[in-house]
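Each of the two complexes below includes chain A, the first together with chain B, the second together with chain C.
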Partner chain A sequence: MKCLVAGGNVKVLGKAVHSLSRIGDELYLEPLEDGLSLRTVNSSRSAYACFLFSPLFFQLYQAATPGQDPPRCKILMKSFLSVFRSPVMLEKTVEKCCISINERSSRLVVQLHCKYGVRKTHNLSFQDCESLQAVFDPASCPHVLRAPAKVLGEAVLPFPPALAEVTLGIGRGRRVILRSYQDEEADSTVKAMVTEMSIGEEDFQQLQAQEGVAITFCLKEFRGLLSFAESANLSLSIHFDTPGRPAIFAISDCLLDGHFVLATLSDPPPNSQDLLSLEARRPAPQLQAHSTPHLDDFASDDIDSYMIAMETTVGSESSRTLPSTSLSPGLQPLCHSEEEEEDEAEAELSTVPGTPPAQEVPLPVLWLHPGPRTLPAAPQPRAG
Partner chain B sequence: MPLVPQRAPEQSDCGLVASLDNVRNLSTVLKAIHFRDHATCFATKNGIKVTVENAKCVQANAFIQAGIFQEFKVQEEPVTFRINLTVLLDCLSIFGSNPVPGNLTALRMCYQGYGYPLMLFLEEGGVVTVCKISTQEPEETLDFDFCSTNVVNKIILQSEGLREAFSELDMTSEVLQITMSPDKPYFRLSTFGNAGSSHLDYPKDSDLMESFHCNQTQVNRYKISLLKPSTKALVLSCKVSVRTDNRGFLSLQYMIRNEDGQVCFVEYYCCPDEEPPESES
Partner chain C sequence: MKFRAKIVDPACLNHFTRVSCMVAKLARACTLRIRPQKLNFILADTAAGGGVSMWCELPQENFFSEFQMEGVSEESNEIYVELTSENLFRALKTAQNARSLKVKLTNKHFPCLTVSVELSSASNSSRMVTHDIPVKVIPRKLWKNLQEPTVPDSDVSIYLPVLKTMKSVVEKMKNISNHLIIEANLNGDLNLKIESELVCVTTHFKDLGNPPLAPKASTQDRDPEQMVEVHVDIRKFLQFLAGQQVNPTKAVCNVVSHRMVHFDLLHEDVALQYFIPALS
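What follows is the complex of A and B.
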């Protein structure tokens, strides 16, 4: 196996490794006939990512020594990442990068040819391994969003760095909503604020989903792919199904394609987070006076592109009863959320399926059919 | 307590008097050797040498020649004392370590002699700070007996070329192996870490190479933990000279250009690790 990457593509390769490093601790490198594949899966197997660099991406691409099976190797992400540590350095000083396998010493050799004739050689130890392959099919997902990565990248920018999950859904007026997801166990500093971004339909190249659908997934991995897609100036498509089914994030151009498969929470977000619920919760006209931002106000506003609606709520359990309850005691059933004991993120992200929580409280129409808890994109080793 | 105005001691009773319009010309060079708390200062009429040592294996010297100072007087040479370098650097940057353009901190430094504190008078924009730093019994410093006649291999590089290499050293490797040779690979830095080995090769005709005088192939290993602190000098310098003598001792000399365009030198000596075992490819 030998491949040679030249010029700006070295940085592209480096960026891809950076985004993969957000997911797993091990990197599966497999030279295939249709290109070099880099894959990883996280330790709880709830996130999987793969990049396939087509032979055209390389100046020279040789998957296998003639007459031999292409090797497959698993290396520590950290050691591969250290080769591509600084993207600035890659751009400024590296002219060529040659990746090959030294069969004799069982080393993956990454050679960087830098400015001034300086040559860096990394001999990385690797393990033989089976192919890592997740089973997923974007075509089977009923909902598809596609937008330039820049649009989505700017939309996730305001979320706090510590935020674990984000809810993506379609709100009123077919606006795409991204909202910080609040874990029951999150500490109060995180819980004290909900951040919501709303993007108009016109910013999307494709929006095939009806109002009311929503999924919740991990932000860190999503950010990783976004930063890659942004630097490569690509569009990102998101294919998703009901909550609990894996969501597929895909990028593609003629030289490479990338797929991130992330688990989504199967529990519907608590009532306070429903994308359409603010309206549903306000049957009484006097509630309109309340200072909680009204989603519709934002949706009908003419501020273009992105808007941030922030509602500030106190995170303690006692005050989680929504303001509307105290204002109009007669209306409590709809907006009640206290009895719901959710065991969301943790349970779902581990591969052990839990039982759906008992839901005695009437939920808004949106969540009447919570998706079954399914294993997210369980990667299955392929024999041979 | 009444406020007694601090006065500089009369010049005649001072073993050492030095003044400087821009304190950064001194503090920058001292930062390049600041990897231990304590330093030994050694002043002659030519200037001040500040020495920091670690583990009896590595020594760093900063030379601040008399010409850097606007005023420099030594009564009875040599003047020697030990001082807490961390405290000295904190005092020198008492008006802030980031320079404000057109706003220089001036320094006047006096040391009366054995047993007296080092007095610093720092002035910026009419505000004067007086610092007194206790001095300590000077310690004997190591003599590496590194003599230029015994030098086997010597190269001079633009610091730019080594900067990244040193900041990205694989610290899971215990040693940094330096190969210098008249033949390929000419100049090679190698590490042997958990993830595998890395080699960094510089061809002798590279534009980074200012001069290349290697007479015989030498492969020496140095404790990476001892050499890593020299990165501080490397980032401040513009050129570095790498020399090894017949015993495998390493000398790294850094040329540092200050804000006024004057040149100061910082030097690191390091003794080699045990004989290199059969090297990995």
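What follows is the complex of A and C.
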């Protein structure tokens, strides 16, 4: 195998590695007929990402030494990332990048040809491996959103960096809503700020989903792909189905395509009666209030409960101290039975060799299977 | 109990964001007191906070184009809510270049201060961000702990030098000691001093001037050159300095010998008082 990347494409490759590094600790590098594929999966198998760089992306692309099977290697993400650590350095000093395999020493060799004849050579150890492949098909997802990455990037900007999951859905007036997801099991005494972003349909290039649909997924991985897509100035499409089914985030241009497959939470978001209620039959009164930009809803707030709370506490001055929880009489604990969904998640655990023992996050896993070693590499990695 | 307010002017919005930034740097959690004319951000003096307290006051009309409130009752027309200052700052930060911003009290399963922002986007489409900041409504019986602190009779009152200069000095001192000695006299001299086993570092500020205050009887016949000192936790002082993004129009430091230091700042129309207790 030998690939030569030149000029600005080195930075693109580096950015792709950065966004992959947000997901997994191991990178699967596989030269295919139709390009170089870089893939990763996270330890809980709830997120999978792949980039396919077409042969045109390279100045020189040779998938396999004639007469030999193309290699498939698994390398540590950390070591591969360290080659592309600094995007500024890649942009300013690196002129060419050559990726090849040294058969004799069993090393993946990444050479950076820099300005002034400086050449940096990284010899990375790798493991021979099966092909990593997730089973997914964007075409089978009934709902599609597509927007310039910039729009989506601005949409996630207001959310705190520490926020784990976000709910994406379609609200009243076909507005696209992003809302911070709060784990109900989290310490209920410390309530976090809830942020909601609502964007008009006109900012989207495609919006194929009816009002009321919503999914919840991890924000960190999504941000990873977004930062790549933003730097490449691409559009990003989101293909999704019902909650619990994986969502597919896709970007593509003539030289590369990228797919991130993220598990979604299978239970509807909590407080769903005031959010984008997932079932259309349930009314979403507060969503309406939020999503209609010009509606001045000051008057419609249920502030009376404050009055009651206030009077209760003031009244207690002479008698006894009420716990502060009495201040929120409107708080209704929400209950969800999650047992069934957990079972389902267990059942979906696939048996990939070297599967980490247990899932870490309560997200349903994706279907993964190792590509058979004997078959020629699949022309479309996403086709499974 | 009702509260709603609106900001449309970008300069007012920026100013309000700056205030919230300052508050977030000074206090992790604070009390927002809402009255018909004024807003206050209050950090009460508690043992958990190490005795530091803050009192920030702003007239609402200089910020809000619309402001409506209804307090607990007619005779006590006030609202006190406790919130995480960082949340408010984060919410306001997303409102840069916004068309308008609304703040209101709401009840969404729990009491919230809801900040809704109408963003302006390039494509002239409408984008809205809503932040529900959880708040704790403070009952009336606890209000008495949240009143304007009385300024103690100080031994020396002195104008502060440029805060940025002080900050860079104190930042370096912090590496050597976490114990800062603030000394000042009635002759316009201010010293910042640290002492360790190996080194003693003093930075002298001269000719700062003293505000014309009615001096205490005890200071009446005191030598203007005589220094009054107070020992404080350097981190608390630095936190105060770090919170000041803009040099204030007026900055006065009142030293109560061996008891506390009180800072009285005025940023345009926002008044800030900050109290740091002396180390025993």
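The rule is simple: the second predicted complex is superposed on the first by the 265 of 384 C-alpha atoms of A that agree within 3 Å, B and C clash if a C-alpha of one lies under 4 Å from a C-alpha of the other, contacts with A are read in each partner's own complex, and residues count from 1 in each chain.
Just so we're on the same page, a residue touches a chain if its C-beta (ideal position, glycine included) is under 8 Å from a C-beta of that chain, and two chains touch if they have at least 3 such contacts.
Computed from a prediction, not measured in an experiment: that's the story for all the values here.
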Which superposed partner A:Ser82 touches (first chain B, second chain C, both, neither): first
Partner with the higher number of touched chain A residues, chain C or chain B: C
Contacts of A:Glu202 with chain B and chain C, given as first, second, both or neither: second
Partner chain(s) touched by A:Met193 [first = chain B, second = chain C, both, neither]: second
Touching partner for A:Glu154 - first (chain B), second (chain C), both, neither: second
Partner chain(s) touched by A:Asn123 [first = chain B, second = chain C, both, neither]: first
Chain A to chain C touching residues, read off their complex: 154-155, 157-158, 160, 191-200, 202-203, 271, 274, 286, 290-291, 293-294, 298, 301-303, 305-307, 309-310, 313-314, 316-317, 324, 327-328, 330-332
Complex contact set, residues of chain C against chain A: 1-2, 4, 68, 72, 84, 87, 90-91, 94, 102, 104-112, 116, 118, 121, 123, 125-134, 136-137, 139-141
List of chain A residues in touch with chain B within their complex: 75-76, 78-79, 82, 85-86, 89, 93, 105, 107-108, 116-125
Complex interface listing, chain B residues touching chain A: 161, 164, 168, 170, 194-203, 205-208, 280-281
